[in-house]
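Here the structure comes first, spelled out in structure tokens, and everything after it is commentary.
Chains: A, B and C, in written order; residue numbering restarts at 1 for each.
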Amino acid sequence: MPAYILELIVVGLGLILLLLESFLPRLGAKGLAAIGSVGLLVVLFLLPSVTGAPSESTGIIWKFYSADSLALFYKGLALITTILVLMMSVVYVPVMQRYLGTGGGVGEYLILPVFTCAGLMWMASANDLTSIFVSLEVVTIGFYIMVAYMRRNVGSLEAGVKYLILGAVSTGFLVYGIAFLFGVTGQTNLDVISTVLGLLEGQDKIILFSFALLLVAFGFKVAAVPFQMWVPDVYQGAPTPTAAFLSVGSKAAGFIVLSRIVDAFLGDHGVQTGDGSYQDQIQRVLLVVAGATILFGSLAAIPQTNFKRLMAYSSISHAGFILLALACAYPVRMDMASGEVVAFYLAAYLPMTMAAFFVLCIVRSSRGEEEISVLDGLGKRSPFLAFVLLVSVMGLAGIPLTVGFLGKLYVFQAALDQGHFVLLAIATLGAAAGFYYYFKVVRSMYWNAPSDQDAIAVGTGSRVLLALLAAAIIFLGLNQGIILGFLR
Amino acid sequence: MLNQYIPVLMHLLVVVGFATMTLLMSVWFGRRSTSKQDIKDTAYECGMIPIGENQPRFSVKFYIVAMLFVLFDIEVVFLYPWAVVFRDFLSADQILIFWSILGFVGILFVAYLYALKKRALNWVG
Amino acid sequence: MIIRRSALVILMCLEIMLSAANLALVAFSRFRLEAGLPDYDGQMLVFFVITVAAAEVAVGLAIVVALFRSRRTIDVTTLTSMSH
């Protein structure tokens, strides 16, 4: 079965859900989410059985679409993320209905992630400028709607407008970058572009110009400094499941495309540091952006009091670590390409972030606000929620025995192999700052006195999912081979 | 070495020049938003006191229909190239050329059903 | 675009940006002749950009209408409710 069938199934699932929602309204949010996640689970189980491009390259589709192991890995990440987001949305529905007013259903909010998931999966496979653009826009437009979904809530609308305007600007940069890359190479397929770029002589400036435009566009998607200004506001204003989806899904897809583009620019011939070629300059730009992103994310997170804003800044700083891995194109010690280090980090980032946002969703739907102080005394009131959040925060900070530690370790090793000692120092500083601001959450949960004693009700389904996520954070941290096994 | 800069430089010059000109022209020719001049707004000696909305409000229904029209209308863009390459592709890959457009139109059809069911096309009510 | 305050005008400016990029694409594909014909890959990309821009603006206008209904203004400089 060719790999692109998966996306077709996911789109078909979305269309069926759309019809069900409009013709069978009594299905309700739970029914839609159940059908959606079961369908996505089926696709997830089909994932290992798909085949890549046939050897004799027939069929025009393989010009736009690749199905290497990295693409399949990211498809899996997208599917798991979407299933978790659907579950989270069910918990969040009561909060949502408060802000929808009359005549507004919550149904579409559970269908849009499915379409967005198809876009994310396609982004993982896109190896042509056309398919990159279209799949990226499928994802982005889906997110515009999801961010602004609570249309009676000032914060959500404001976040929606900010995301819309900045997202559209980044689309403009993307198209312009694509236009210049097409202009200089005359090709749209990334593999062919890579070959053509290797043959071109004396076009360094225009190649760098097109790379800069593309970097602006993808820097926006993955929240890299200096294109990070939308992140805190959008995370704070958007519905919590959407913030989680943005933080994991959108970022992962942005990074796979960015790493494919960087690969196309750098080529197969390796980078000779310091020779002043455009490859060298691209690598240096990436290093500077990575360092700035780690520094900004870590330092700006320290004074935050809103939990979602804290997660936003922490997501910026994680993006910096991933960019650092991307910039270290060829680590010497582990035989992992930078793309694999990036994939590992993102796979580690998924359960930790999802668990944190899931707990926040549950707390929000019972308490109605999202400041860190709302977690006061959670350790006494709901020991289970507090424990899951503790594990996830430990993972995000990168404490040993969690999967987050392994992700950071690989990045540090890659930087060490390439001899980027300044970046290594910055990354250490960022990780140290991380310990501090994540500890604020822990302190609030276990040391601060609770404002009230009521336990927070947690449904059985959520309980099972949270336990699974917490177990995944620790288990994957103890067995690094599992993620690597999926990766190959 | 420096020769390769020239197209980029010219491009930048034109871009910056065009942007500056556009901005300056909108400052020169644009209508100034006058400061509040109450005396100027009142009716002179006789006539109606101009109070109320200066523009009639359109129903939001117009907007929804217009948006749907734009979305369905723009999709025709893909049908024309499809029709142009149809004959050539028929010999190369019959299945692809048929099912790709059928899927595309099918998605539009589902969107149409959805709009219909959500009463987006109803004028009354 | 950066000096405008109305969300609507900003959306229009964004459309102009996309049109500029489209124009660049068409020009590049026109000047790269293959056997006397332009390279159609670039023009194909333009079709996709046009349709995506239409979808983007439809969603964008919907968000701006929702903003106007709740705030009675679409001035983007008033969007400052979130803490900094």
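Definition applied: a contact is a pair of C-beta atoms (placed from the backbone, for glycine too) under 8 Å apart; a residue touches a chain by one contact, two chains touch by 3 or more.
Since the structure is predicted, the reported quantities are computational estimates derived from the model, not experimental observations.
Q: Going by the average position of its CA atoms, which chain sits the greatest distance from chain A?
A: Measuring from the centre of chain A, the most distant chain centre belongs to B.
Q: Could you quickly compare B-C and A-C and let me know which has more C-beta contacts?
A: Counting C-beta pairs in contact for B-C and A-C gives the edge to A-C.
Q: For chain A versus chain B, what separation do you get between their C-alpha means, in angstrom?
A: Those two chain centres are 30 Å apart.
Q: At what distance in angstrom does the C-alpha mean of chain C lie from that of chain B?
A: Chain centroid spacing, chain B to chain C, equals 9 Å.
Q: Distance-wise, how many Å sit between the C-alpha centres of chain A and chain C, to the nearest whole number?
A: Centre-to-centre distance between chain A and chain C: 24 Å.
Q: Can you tell me which residues of chain C touch two or more of the remaining chains?
A: 44, 55
Q: Please output the residues of chain B touching chain C within their complex, sorted ascending.
A: For chain B paired with chain C, touching residues are 23, 60, 63, 67, 70-71, 74-75, 77-78, 81.
Q: Would you mind writing out the residues of chain C in touch with chain B in their complex?
A: Touch residues, chain C against chain B: 3, 44, 47, 50-51, 54-55, 57-58, 61-62, 65.
Q: With touch defined as at the start, can you tell me which chain B residues reach chain A in the complex?
A: 4-5, 7-8, 93, 96, 103, 107, 110, 113-114, 117-118
Q: Quick check on the complex: what are the chain A residues that touch chain B?
A: Residues 8, 11, 15, 18-19, 22-23, 59-61, 202-206, 209.
Q: Considering the complex alone, what residue numbers of chain C touch chain A?
A: Checking each residue of chain C against chain A gives 1, 7, 10-11, 14, 17-18, 20-22, 24-25, 28-29, 32, 39, 41-42, 44-45, 48-49, 52, 55-56, 59-60, 63-64, 66-67, 69-71, 76, 79, 81-83.
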